[in-house]
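Every chain is named by a letter (A, B, C, D, E and F) in the order it is written, and numbering of its residues begins at 1.
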Amino acid sequence: MSITSLLVPAILFFALGMFAQVIKSDLKFPPDMHKMIVIYLLIGIGLHGGKALTQGSMGDALPAVGAAFLFGIGLPILAYIILRGLGKIDPLNAAAISAHYGSVSAGTYMTAVAFLGGIGVTFEAYPVIMLAIMESPAIMIGLVLAGYSRKVMGGATKGEKGMYMHLLREAFTNGSILLLFCSMGIGAVVSDPSYHKIEPFFETIFMGALCLFLCDMGMEAGKRLSEFKAVGVFLVCFGIAMPLIGAICGLMVGHFWLGYSVGGVTLVTVLAASCSYIAVPPAMRLAVPEANPSFYLTLSLGVTFPFNVVIGIPLYYGAAQYLAGV
Amino acid sequence: MFNRADVLISMIRIEIVIDEEKLGDLIALLRTVDVRGYTFMRHGGGLGSRGERRPDDIALEERNAIVILACEEKQAERVVMALRPKLKEYGGMCLMSDCKWVIGPAASY
Amino acid sequence: MSITSLLVPAILFFALGMFAQVIKSDLKFPPDMHKMIVIYLLIGIGLHGGKALTQGSMGDALPAVGAAFLFGIGLPILAYIILRGLGKIDPLNAAAISAHYGSVSAGTYMTAVAFLGGIGVTFEAYPVIMLAIMESPAIMIGLVLAGYSRKVMGGATKGEKGMYMHLLREAFTNGSILLLFCSMGIGAVVSDPSYHKIEPFFETIFMGALCLFLCDMGMEAGKRLSEFKAVGVFLVCFGIAMPLIGAICGLMVGHFWLGYSVGGVTLVTVLAASCSYIAVPPAMRLAVPEANPSFYLTLSLGVTFPFNVVIGIPLYYGAAQYLAGV
Amino acid sequence: MFNRADVLISMIRIEIVIDEEKLGDLIALLRTVDVRGYTFMRHGGGLGSRGERRPDDIALEERNAIVILACEEKQAERVVMALRPKLKEYGGMCLMSDCKWVIGPAASY
Amino acid sequence: MFNRADVLISMIRIEIVIDEEKLGDLIALLRTVDVRGYTFMRHGGGLGSRGERRPDDIALEERNAIVILACEEKQAERVVMALRPKLKEYGGMCLMSDCKWVIGPAASY
Amino acid sequence: MSITSLLVPAILFFALGMFAQVIKSDLKFPPDMHKMIVIYLLIGIGLHGGKALTQGSMGDALPAVGAAFLFGIGLPILAYIILRGLGKIDPLNAAAISAHYGSVSAGTYMTAVAFLGGIGVTFEAYPVIMLAIMESPAIMIGLVLAGYSRKVMGGATKGEKGMYMHLLREAFTNGSILLLFCSMGIGAVVSDPSYHKIEPFFETIFMGALCLFLCDMGMEAGKRLSEFKAVGVFLVCFGIAMPLIGAICGLMVGHFWLGYSVGGVTLVTVLAASCSYIAVPPAMRLAVPEANPSFYLTLSLGVTFPFNVVIGIPLYYGAAQYLAGV
């Protein structure tokens, strides 16, 4: 893997965005542009994933679904134990942060796809299902952890039931999750000629649009750098260590359990290593209003996302190659 | 303030800040007490008892709506009394102050 | 015509949008995104239509223009009579609603084009002229009907002259109408090599962008469902019956008078059956301020548009096939 | 209110709500009476004598602009008198209230 | 105004207009004097001593932010005194007026 | 060069926008749409330019860099002398206006590229470097001229040092300039396969997106027409004469010094003839707050830009052909 393989346009645009922020440029994308690109990209991954899935058998997808649930439930618990045990982080902040690490980042996933595409590596269709699934269990487990924390702290738990139902709804009706799932459905059912008519928009120009998205994410990450001090050394380290821990789980599951190719293992690893910034933050804001959003947002957008995009993805790919003995 | 009854009518100005998502509920509530005019602006931000609310945040967009309402004193009392229990639930803020309605546009208060 | 021919991505995205609204998802597209897509789509149809028209003779277009005026004037009068006679709707609301049914919906037209494209059916270039023309006469006839209503009601008609002139201007300077007309002009005059340079943007990715538009329209339609009760049973039925009546006129005119192919007849039918939500609502708001906008908007966006997109288009296509004896 | 003439100047606050499309006309009008400062926000919604106005409605977008104006009492009277006939035509709302201008930024009233 | 101490608390309403770019600085400043609630709207325009400011101008976009702040009189004095020197630098406007806080939502002033 | 070569879609869309404004249509693009398209276009030119540059040698680019600095410094001084000497414009307004004429308009440049593409004329890769460079020196020279004016007028020059540093930073951190430069860098370093993945988005659909941009610019220009009276006859004439003067300099430099082909000379001429409306206006607003923005904005967007787009580009191309003896 040479240095030029790191010169993926998407990653360079991420760096451009961060650089602009660091030198205090006035570069800024309209907020609606970000939303539009996210909508577009989610539909794009969904359609493509749905189409790809119809080429495989539904039964083969089951282990991926299982792995998604395993990650979505296991990783937040692991994160919670680390945050409480090693970091002495207060229980509710620990719960809120943990939930983010059980979930995934569609942006990181797409960057990984762009990375693999850039070096011509193919991959299985199933990781996209995991992407679609993983956001929901993490939300629920976050709520469970918060409830447990409150009980430990001896606080009021009144109204918790209503919150469970509310978030359960939320976990399935959240706009981004819905868009991803339904687009997968649409991709799976439309005929090939129909699909070819929308392919130029949703696939051919996808990788370019992703660059705009990552440029914006770079600016966002750059903005969050200034909050490192407020967040503290432990949490910043956690924001790098946790994806590595997730990555190890991902590599194991992807290689030994799911038995995917190098590309597929890389994607599974990226999923396990990444953390959410789409559906989980608003859910935790609602479920754990006592937690400080600047903690989980700084970790998610300012530490883990940039780490994964710039260092993580090639690293995980290298590890996947090593495991496969390539 | 120059005081001419043919130009100015004494009124109450009510200003409410509330989560943007609750704006629909608030307006429905205002309708139940027969409010005949209000103005709102969406896309506000702020700080309150529940912490900061930032519009246009990439990951955690929270917006406030600001509602301005001019009405006569009697009506103001009805509005405020109807609002108070709801505001306890919604959070936000409600301010009242005296003002003069400039006679000219069609009366909608 | 099998069930898969209904699985057109555009229509599925419409369903997705409606579904999101029905399950109360927080999915929402930025309002500016809607405007941008509409601008893009109008230019796209215009350019394509203009280019296609240069391949035919201008004389052949004349009957289409005639049919457009016939629909634009005849259908609102028909609608007005039905609303007044059968529904006992008050005159000014009847006038405002009627005007919408003389006009067309570019969104429905594009969905029909996507539908025909998905099953490989070709069509004439002329219906696009009708699309561009039909919005304007409907506005004027709406004003005439409102004036007539006011006279019948014995109300003041002072200032009506000014309003006529004002709306006449509006009917020609309305942004959407202008964009469609001028793009047709541009499509007609540019050279082929020049056109090929902008084709990837305005044609190749068109059908994908249309999906985003329809997803948004689906959410809009879903939102309007809740207003069905306020609008009343008669009007909701009218919102389904009127496009069917329009469709019959469209089929007759398209097949017997214009003598188009199955695809062309389908498009003419769709035009006659569809109702405006772009230029007519603001014009009626100005011309007939006494009318309740929630009536005509609910009918247009919540009843007739979804009916046409989901049921109407395949139905009209089937009828056109039947007429052609295919 | 704490009352220190070196910090606060008594003024009038005028608040106008008007169709966004008419904002240009309104500003031109304010200019004719030599207004030296105003603030506006576009993209508002509301309810009034002409019914609901919804910004961001797909088919029928209607927006209000809100104009805020601080000036001395004399000037306020001129502004209001100049505005009134226009407001009859435009609709909307115009409120007046007392306020204090905090001395500090360059005087623009 | 109807006057019931169980419903209304006398307060000061502060309204600040400032360049949107300076909003962050202003909020930081407000934080230093322990302000516990404020509301802001971005994307405003206006006229002042430095000329016109037009949001959405293609070539020269200049925006104002409007900050509204309700607090008790003591606090208002602190806020205003802390703000004044900054406003000299930033430009803009700061108005103060009396108002009543409607008891109901969590106290954030 | 026939009349049809003028029927470039991009230019026709500019005319459409102006027409819409002149007939007082309510056509309006969302302001964020403009920003998004500008971001997209700047990245697009940057990437393409960067890629093209790697095909030449870096040494060959040096004369272009020199020419850019020459224009950026020389043309504003020339403009200042004309404005002060012939027009008796007050010194600070003259300084602010002059700065705009040392800089360039990316929109004009792209229209010229579209024009050349439409008639199949190729060009060198270097002008794009000039485009990226020219905005910065013009800002600095504007500040120098303003400082000189203030000294001449005997005004206060306190705080000038800080302003110099501030604007120097600004000249390099300005979002648009940064985007253009960094995209050029990215275009230069990414591998060919990586580039091909983003090419559909940034190149294939570029010319179509440019049409939307020019339509919006046409509306903007149309809006500014109404300010001609306030600006005065002299300045309006200056807004046409100055690009012609710049064009002569551009033709000489492009043909005799740089020795480019007809296409390359046309682009260099367009750069010298165009004037900024992106980075310079906000810089002058800050540096010369005493100047009236409506002067330089009306000249830049209402006079020089439309003149160059509609008349200038074909004229400069004709002159370049003449010089080359074609």
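Convention: a contact is a pair of C-beta atoms (placed from the backbone, for glycine too) under 8 Å apart; a residue touches a chain by one contact, two chains touch by 3 or more.
It should be emphasised that the depicted structure is a prediction, and the values quoted were computed from it without experimental measurement.
Separation of subunit A from subunit E in touch steps, taking the shortest path, is 2. Contacts with subunit C and subunit F are shared by A.
The two sequence copies subunit D and subunit E touch through a face in which the numbers common to both fall below half of the numbers used overall. Distance between chain centres (mean CA atoms), subunit C to subunit E: 47 Å. Averaging C-alpha coordinates per chain places the centre of subunit A 41 Å away from that of subunit F.
Taken residue by residue, subunit C touches two or more other chains at 32, 200, 204-205, whereas all remaining positions touch fewer. Subunit D has residues 41, 43, 50, 55, 97-98 in contact with two or more other chains.
Pairs of chains meeting the touch criterion are A-B, A-C, A-F, B-D, B-E, C-D, C-F, D-E, E-F. Looking at the complex, you find that subunit A touches subunit B at residues 31, 34, 216-217, 220, 277-278, 281-282, 285, 289, 293, 297, 300-301. Across the complex, subunit B meets subunit D through its residues 1-2, 7-8, 11, 13, 27, 35-43, 68, 70, 97-108.
Note for the complex: subunit B touches subunit A at residues 50-51, 55-62. Of all the residues in subunit C, the ones that touch subunit F in their complex are 32, 35-36, 39-40, 43, 169, 173-176, 178-179, 182-183, 186, 189-191, 193-195, 197-202, 204-205. Chain contact summary for the complex, subunit B toward subunit E: residues 12, 15, 17, 41, 43-50, 55, 64, 66, 73, 76-77, 80-81, 83-88, 90-98.
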